[in-house]
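A, B, C and D are the chain letters, set down in written order, and residue numbers restart from 1 in every chain.
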Amino acid sequence: MEASPQPTSPGWRLRAYSIIFESDTPAGRTFDIVLLCAILLSVLAVMLESVHRINSLYGPTLRAIEWVFTVLFLIEYVARLIVVRRPLTYALSLLGIIDFLSVVPTLISLALAGSQYLLVIRTLRLLRVFRIFKLGQFVGEGEFIVRALKASRFKILVFLTAVLTLVIVIGTLMYVVEGGQNGFTSIPQSIYWAIVTLTTVGYGDISPVTVLGRTLASILMILGYAIIAVPTGIVSAQMATPSAAAPPAYKQVICHVCQATDHKPEAEYCWRCGEKL
Amino acid sequence: MEASPQPTSPGWRLRAYSIIFESDTPAGRTFDIVLLCAILLSVLAVMLESVHRINSLYGPTLRAIEWVFTVLFLIEYVARLIVVRRPLTYALSLLGIIDFLSVVPTLISLALAGSQYLLVIRTLRLLRVFRIFKLGQFVGEGEFIVRALKASRFKILVFLTAVLTLVIVIGTLMYVVEGGQNGFTSIPQSIYWAIVTLTTVGYGDISPVTVLGRTLASILMILGYAIIAVPTGIVSAQMATPSAAAPPAYKQVICHVCQATDHKPEAEYCWRCGEKL
Amino acid sequence: MEASPQPTSPGWRLRAYSIIFESDTPAGRTFDIVLLCAILLSVLAVMLESVHRINSLYGPTLRAIEWVFTVLFLIEYVARLIVVRRPLTYALSLLGIIDFLSVVPTLISLALAGSQYLLVIRTLRLLRVFRIFKLGQFVGEGEFIVRALKASRFKILVFLTAVLTLVIVIGTLMYVVEGGQNGFTSIPQSIYWAIVTLTTVGYGDISPVTVLGRTLASILMILGYAIIAVPTGIVSAQMATPSAAAPPAYKQVICHVCQATDHKPEAEYCWRCGEKL
Amino acid sequence: MEASPQPTSPGWRLRAYSIIFESDTPAGRTFDIVLLCAILLSVLAVMLESVHRINSLYGPTLRAIEWVFTVLFLIEYVARLIVVRRPLTYALSLLGIIDFLSVVPTLISLALAGSQYLLVIRTLRLLRVFRIFKLGQFVGEGEFIVRALKASRFKILVFLTAVLTLVIVIGTLMYVVEGGQNGFTSIPQSIYWAIVTLTTVGYGDISPVTVLGRTLASILMILGYAIIAVPTGIVSAQMATPSAAAPPAYKQVICHVCQATDHKPEAEYCWRCGEKL
């Protein structure tokens, strides 16, 4: 068990590994595309089942489809476990957990009705989509966005802390000013309103009525309108700096198993899960 | 059939070509401006016809105007086909198809009531407006925006994939949390709500009621407020880079027939439809 | 009549000019501050008069205040006309017209009730506020914003044309898809809805109900969320370019009469109205 | 009284100072984290008390918790006063006032019911959170944002003045156009609507009904959608400039007492409150 996919293992295992985990060979690429379609179809089935009218007409069919996909994904999950060099590392990696959670809810739904809706967690499996295009530009571009966000994470955290403080203080003020009869029935409720307003969503389910309340709300709106410039400015400035535009000499490669990127140019094994690159 | 507008063709054809397709001559400019006014008026007529009160008063007049414009546009379309060097290339180019679709709905409306509203597709003909100003700055500026968006297309796609995944997962969670009695009647419905919230539109036709739902909604709103920084940052950074600011030495010229730009400096024929520049 | 404020004119005229039009002397500064307070108070009086409850209590008082301010502004306007070198140029400049319009509505309201609300046009007189701070940073900063917007005007126009075309086409589609019973009673109405949605305002007075309509609306929302990046990117890139950051060697001076800026360093007379700087 | 925390003072005072005001020692760090938890819990207690259902069940418990925290914070406040070198400077600094206001409302609530909600002012004490992480990146990043905003303050003020003028003029126009029966009952009300619309919040509690009103509203929305580019552009450009990216050689240090930053590299005492750094 020193090398990935176990060099001393029989030929079928090596082949299976390259089909299931890689997408350089035609077979591997086909496998990935079929898998993506299966994921999309199964998510669609879960969605349609939730629509009352469709459920009353085609309910049993949809539930059958769900079971078929669940069994298929279960087989796929077991196959991944068998074929990979370090099953435990895979099982505990982010993608491994998502793969596991994509199968479980249907089984639980036998005991607990309603839990099958958790199947939409399968949507997260679509993240694999990027592997298929790994030779394309997507990895680099995704990397670029993630790197810019990472580099700005302290600034964004400072910004969010300021926003939360503002929202709590103004929310409480509005609770005192407007009072329960205008919809501001409690401080958490008022904070919810303040978030709805500051982010310029503005449902209108709660809205100020008194003159003082409207004045406060106007100030909050103009603040929200102005301070959206802060995160935007942070990310723009980060993306415009040369260091972000010209990424360091990382290998543009994704680990087959845990999808980690940012490998050093000379790396032969994934720095996160130890899989061979 | 070697040169555009057919050098061996009679003089009237050459003249007609320069009037209909070019706008360098006074006659060509006048033709274009008259055409734009006709397009605006016909779109206005279609709009007014849809207003119940106006329709009951001036319905027949508006329908007559529609027919007059349709016949005029039909004549224009046929004239374009006759005069152009490669009629088929024109007919299959984007602008050719739009010109064709601008005429068809009125004819169909004889058989199928209501289809005349598709006439607003004529609005797309207004894209020709840029040709009139081709000596001005518009081509360059339009080019600039399109080039910046093109250069960011992978980043924007990655961003949209992330947004869609987020919206599906949170939409389903809200369906489980809030349930049908609060308006979240199905998963697609909840996803619609999540899009309305994340994009900060916030109609308020569906809005969370439970404490857990409101907490989730607050997180989604703050996320939506923060991640709008990503597309903005991408486009800003792209536009601020020197390569985007100083465009390559392309010819600032639009093809008369298919409106293609980005011709090489030494190009004499359009790279897309083969028309003479 | 060669020089501003008429060198051959008596001393009182020169003094009056420096008080009314300039703000370098203590007297001129005091005049400007008193004027600004008067403008703010008179606008406030007009606003309060429109509130029913306040009007029924203090109506006559408010109307008296209005008349006092109108007479004062009329005197000021006449004084400006007498004192300035070229009365006609002042009267026809933007600020001269605003000064005139600030007086007229009260007079008209004698004949036509309701017209006194047009007095809020006085708010525009507050633009003079920048003159008071002319030694400060405001002129430069205002200049900076205006210059960046001017430099981007073609890009913004192209963007607005694209937005309008999009809004017309999607508005009409929604009219066909949703129909009158869901609030989309006419094409102009649907276009209004499309603008409300694209700009992420989202009143919720009209909102889609059918599945197809909601799908279309979702696309429009995500588009609106994404394309806001375009104007932001344009202005950011413009402001970040060195040419915008380091303004050319213009004189940081505002014309006393027409408030024009951007004078050449060696200029002694305003390029717009001919007043001495 | 020459040095902070009074070098001639007994050892316990020096120790107490380093625990309460600094966070370099384990004891000081523990004190700060306990304090933050206490603040969060006490704010939570105030919030929950405002929820009617929770109040009727656990009201007395919550009020007891409030009193416990108030007494603790009072002790802490007195300790700070005793231990600090210049008690008056601390008491009059921003943080000193916030610390004082965090204790007072509970005492007042004995006489005046409802005033305990002002306790959320305690949230502002969370600003201390940044001190704990002072060795981290937070100070620098917070500094970066504040410096960019400060550098843009004139531009933002000019922008806000323009926005307010726009909102007043359009608000009044809408009042004249729509009139009271459509919700635009007074000019201040209409200005409130204009702010709700321009900032793209869009509650929908007031929305235009007439054709002219909707046209005006559409223009305002597109304006609001476009001019959000201005503050964003200002802050982005400011953050992208090298002078902002590479901050001057200030000491990355916060004053223990008044939280001032931006100290000169050679500074040994806080420039604002005179405390030893």
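Criterion: a residue touches a chain if its C-beta (ideal position, glycine included) is under 8 Å from a C-beta of that chain, and two chains touch if they have at least 3 such contacts.
Here the structure is a predicted model, which means the values were calculated and not measured.
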item	value
Magnitude of the superposing rotation for chain A and chain B (Cα, nearest 5°)	90
Pair joined by more contacting C-beta pairs (A-D or B-D)	A-D
Rounded Å distance, chain A centre to chain D centre (Cα mean)	32
Chain B-chain D separation of Cα centroids, rounded to whole Å	45
For chain D, residues that touch 2 or more chains besides their own	188, 200-204, 228, 232, 234, 236, 240
Chain C-facing residues of chain B, complex	43, 46-47, 50-52, 114, 117-118, 120-121, 123-124, 126-127, 129-130, 136-138, 140-142, 144-145, 148-149, 156, 160, 163, 188-189, 192, 195-196, 198-205, 224, 228, 231-232, 234-236, 238-240, 244-245
Contact footprint of chain C on chain D as seen in their complex	154-155, 157-159, 161, 165, 168-169, 172, 175-176, 180, 185-188, 191, 197, 200-204, 207, 211, 214, 217-218, 221-222, 224-226, 228-230, 232-234, 236-237, 240-241
Contact footprint of chain A on chain C as seen in their complex	200-204, 232, 236, 240
